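In the two complexes below, subunit A is the common chain; its partner is subunit B in one and subunit C in the other.
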Partner chain A sequence: MGAIFENLDKIINVSLIYATFRSATPIIFAALCAAITQQANILNVGTEGIMLVGAFTAVAVSYFTGSWVAGVAAAMLAGVLIAMIIGIGHIKYGADNCAIGMGVNMLALALTKFCLNVIFGMNGSFSSPDIQPIPRIKLEFLKDVPIIGEIFCNWSIMEWVVIVLIFALQYLFYKTVWGLRLRAVGQFPVAAKTAGINVNKIKYQAVAFAGMIGGLAGAHLSLGYSTQFVENMTSNRGFMGVAAMYFGGANPVLTTVGCLLFGFADSVGARLQAYGIPSQFVLMMPYIVTIAVLAISMAIKISTTKKRQSSLN
Partner chain B sequence: MKKLISAALAASLALSLTACGGNAAPAATEAAKDAAPAATEAAKETAAPAASEDPIRVCVVYTGSLGDKSYNDSCNEGAQKAVADFGIELKSLEGTTAEEWESNLLAACEDGYDLIIGASSNIADYITEHGPNYPDTKFAVIDTTVDLPNVQSISFAQNEGSFLAGAAAAMFTQKTDIPGVNEDAIIGWVGGMDIPVLHDFFTGYEQGAKYINPDIQILQAFAGEWSNPLKGKELTFAQYDQGADIVMNVASGTGTGILEGAKEKGLYAIGVDLNQDADQPGAVLTSMVKRVDTACYLTIQSVVEDTFAGGTTQYLALKEGGVSLTDFAVMKEHLGDKFPQDIVDKCEELAQKIAAGEIVVENYEGFGPAK
Partner chain C sequence: MNNNSAKAGFLRIIVTMLLSLGIGALFIIGIGENPIDAYMALFKGAFKGKLRFGTTLAGFTPLLLSSVAFAVAAKAGAFNVGLEGQIFLGGIASAYIGINWTFLPKPVLLIVCFLGGALVGAAWGFIPAALKAYYNVSEVCSTILMNTVALYITSYLVSGPMSAGTANAQSHPVTVNLYQFMKPSSANVGIFIALALVLLVLFMLYKTTWGYKIRTVGTNPDHADYVGIDSKKVFIGSMMISGALCGIAGCIEVLGVHGYFLNNFAAGLGGNGMLASLIVKNNVAGAPFMAFFLSVLKAGAMGMQQSTGVPKALVDTITAVFIIIATMETLIQFKEKAKKKDKKEA
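Moving on, here comes the complex of A and B:
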């Protein structure tokens, strides 16, 4: 324990800020993907699968075309296609969200494994110098500014995109007509229908939009965060995203706070391991945080519902 | 609108199917072409000595995925060589979770293979548990020892190879004229799962580093998974942030992220199991090569030549060529004049001393040559 206090400056320092954001970014994308459908009252258990298909498509298309833009665009399209399985299954045929979501996750795992073998003749992973990664933005003018330079000067484009996306979605949900309709459809579909809103149309739009964001999340994993595709490379980030979405009640900004908590737990854990904390304990931290975050958000939800009810009486 | 969407969906599905088919067809025929002559050759070879007997059936159960460019791929190379040399029938079963490992092993047992190879120490417990139920099946386990009459074990002196890697890292972190190398005498080490074999690696790494510089600080971390490169990358970045400039990976598929992280930051890493020097050229100083391929090949050979001896353990140390460092060639080319030749010379000297028994490298509890 003593070693931890002696080395506190190496555990809690400026680089921890970017590390937290870096490891949270994939989860933020995933959480936003889940938040969009949640607003339409569709629980998106398939986030993990959508991401995985996006990650594979991004690598494959970037490899064959030599263009990361094409890779990202294709990943978003692939995300929409996979999300539509959930959309059609749930909206048209009334399938259970959890069942169809898990189905999509398993399908994605098997499909990417199969395509990896058929298209590239590889097992397990694929990497090549021909894969065009998403470029990083080097802010040269910030480079010499202390602290700020260290935090901001070398971000991936996708890390800037996710920040824009958080606020764009916040605006879309709460300040636009479409957002109002989306929330109406989610909260009280009968009322929405009475008001002349085409409920199913809005739901399909939400699922398609979520698929795009999920695909983008995958593309970030395989072309931004790293430049390779590895089987099951999402490693439960999709599920952590869904948990964070619950924490934030599908509100993009609050959801992001939950994701940053995960990122922080992960990054501090990575630094703590060097000083004799058992690895098993450190590796448990993100999951403990997941449970804690969900417990807190549920407690808040229950107390606010109670308050509302008592003010009605 | 709904019709439009479904029409678009159907069209794109059809497109993607034809695209897949287009790619799949030539690949499949190519594979078939490759396989056909190989199979006939193999058949000829086995047919000659073994006179119309069925080929020996071997199943390798991996605790991870192929394509890790490390441990598992090395094992597969040995197995593929045995296919080419002996014409055996080979089946590879991959799995990423403990449940999969056990069910794969059981499936192989039930399928009546002549030899089942457990590719890593992760599977040892399951062989100990189920091996006695299949007394007529020959088992082999690589990287650890299982004491059963029908199990042959092969393990390595990874502590000796890691000693050299640790010494190389400790010397390298002092070369501040090489770009990226800082003043601090801190080096890193990132492992896959927290299992005893990896501690045998670390024991040697630590001893080797301290042999060069007793005051050196060594950062240790485990990813807890064999195939999560992004986690490996984050752990490596964390160690770089804490002052390390070179990090050794012992992490199979997780390790690809460690090497990628080194390249991305313009810093350095050490490869493991296979020669990984060229995976991220200029970022990998050397690799601690562990001849898993030799172990796998020798085991299959022992069954082919009927010298399989259950209940025995082979120990492949530095002396026997079971472990070694690479020749640093890729790094030499990358650094040019700045390349510190003294590291290579010193490592060779240390290797000779270890082989001669002048330096005794410590083992983690439960490892080392059979007494």
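Moving on, here comes the complex of A and C:
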């Protein structure tokens, strides 16, 4: 333990800021995917599965076409297809969100494993120099600026995309007609219907949109965050995203704050590993932090609503 | 009427089963293999010979418990995805007791192993249940994340303090074992313990006040509170029963199948138990049959992969399709109505 305090400056320093953001990015994508459907009152338990299929498609298409753009586009399309299983199952055939979401997660896990066997003849993982990764943007002019240079000069394109996406969704949800309709459908579908909104159409649009973002999340994981496909490589990031979405009440900016907390736990943990903390403890840290943060935020939410209600009386 | 709806439910499951096997066949044709050969190989792989059938039974035991565990929690309205973590921790607890508490006479030690596993499993089920009941934290989220935590806890224990020092991360052998009756397979008397527990759970759910309370809370927690049932306590209680059943499943795996705690031994057990229960709409009496069907698929998958070119991941795909179709409540109902219409017209 002593070694940790002696090396505190090596654990907590400027590069931790980017490390936190880097490990939070896949979770932010996942959380945004969950937030979109949540606004329409559909709990997206299938985020994990959508991501996984996206990750596989991105690697496969990038490998065969040699173009990361095609890979990302295909991943988004695949995400929409998988999300539509949830959409059709839930909206048209009355499937329980959790049940069909878990079903989709299992399908994604099995299907990617199956395709990995059949297409690449591999078990467990697939990597190849022919996979074209998503390029990074090197901001040469920032390189020599202290602190800012270290934080911003070498981001993946997707890391810039996610920032744009957070604010775009914030605008979409709260400042556009479609966002208003989406929230109306989620909060009071009967009223929305009376107001002439096609409830199911909005729900399908939300699910398809979420599928796109989920596919993007997967593509980032397999072409940006790393350049390979590994079985079950999402390792519950989809669920962390759902947890973050709960934390932020499906508000994109607040949700992102939750994701950054998990990313922080992840990257601090990775650094602690060098100082004799068993790897298992390090690996479980983001999960424990996620649960703890979720519990605390929900507890606060409940007490504030109680207060609000009591002041009404 | 009740009989009719049971019949319709049964019919729906059969139709769903055939549908998913059909979709699986399409996949097999897609990779240029013969689906009939593949399914035959799968069937043989699960039943032919003492070893294979015994392996199927050994795989069935934990699935039986985890499927019923999921169903019990679901009866009170909980979606317990944390089965796997509860199995892991129940397993490690009974392994610890089985290795270290040798001062107890063997029969007592055996019982204490089961109790220890059940207790730890129940405790691991208590955490997400209490978070849900008092703070409204989604149990789907918390349980699935806690699975990973449980996996790392056990992985740390068997590669650190409890390690046997072998290349594989595993514990020392336990000093008590469950009798294996179909050697060389690992089928053991745990299966009878599991069956007895399932009957006990059925009795509890449908013949006792506790069971009535659980079912009331699951159907309508507000109503339950109104008539004086503490819905929060009942909710937590059912999750703890669920966890205890999983802990016992872990105990049977450790004492009956492996004889020691093997790192990551329960991978997939929780998920498949959940599947089995979801397919039959959390019907506690139906879950065991579905658990058996799934364990046949799982056990046969290896044989299929060996004797044909079909990878065993196909079986997971089939079961996933199975569950997706099964959850779409109105999909097959519509077909049944169409059938009834046909009958009337005829």
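Just so it is clear, the second predicted complex is superposed on the first by the 307 of 313 C-alpha atoms of A that agree within 3 Å, B and C clash if a C-alpha of one lies under 4 Å from a C-alpha of the other, contacts with A are read in each partner's own complex, and residues count from 1 in each chain.
To be clear about the criterion, a residue touches a chain if its C-beta (ideal position, glycine included) is under 8 Å from a C-beta of that chain, and two chains touch if they have at least 3 such contacts.
In this text the structure is predicted, and so the values were computed from the model without any measurement.
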Partners on subunit A (subunit B, subunit C) - clash or fit: clash
Which superposed partner A:Ala99 touches (first subunit B, second subunit C, both, neither): second
Which of subunit B and subunit C A:Ile148 touches, first, second, both or neither: neither
Touched partner set for A:Leu283, first subunit B, second subunit C, both or neither: both
Touched partner set for A:Ala195, first subunit B, second subunit C, both or neither: neither
Which of subunit B and subunit C A:Ala168 touches, first, second, both or neither: neither
Which of subunit B and subunit C A:Ala299 touches, first, second, both or neither: second
Contacts of A:Val118 with subunit B and subunit C, given as first, second, both or neither: both
Touched partner set for A:Ala243, first subunit B, second subunit C, both or neither: second
Touching partner for A:Met84 - first (subunit B), second (subunit C), both, neither: first
Colliding region between subunit B and subunit C, picked from 74-82, 146-154 or 164-172 after the shared-chain fit: 164-172
Touching both subunit C and subunit B, counted on subunit A across the two superposed complexes: 118, 235, 280, 283
Complex contact set, residues of subunit B against subunit A: 1-2, 5-6, 9, 12-13, 16, 20, 23-24, 27-28, 31, 64-69, 72, 94, 96, 188, 194, 219-225, 227-231, 233-235, 237-239, 241-243, 253, 256-257, 260
Subunit A residues touching subunit C - in the complex, by the definition given at the top: 43, 45, 85, 89, 92-96, 98-100, 102-104, 106-107, 109-111, 113-114, 116-118, 235-236, 239-240, 242-243, 246, 278, 280-281, 283-284, 287-288, 290-291, 294-295, 298-299, 302
Of subunit C, residues touching subunit A in the complex: 27, 31, 79, 81, 131, 135-138, 140-142, 144-146, 148-149, 152-153, 155-156, 159-160, 271, 274-275, 278, 311, 313-317, 319-321, 323-324, 327-331
Subunit A to subunit B touching residues, read off their complex: 7, 10-11, 13, 15-16, 19, 22-23, 26, 77, 81, 84, 88, 115, 118-119, 121-127, 200-201, 204, 221, 225-228, 230-233, 235, 266-267, 270-271, 273-274, 279-280, 283
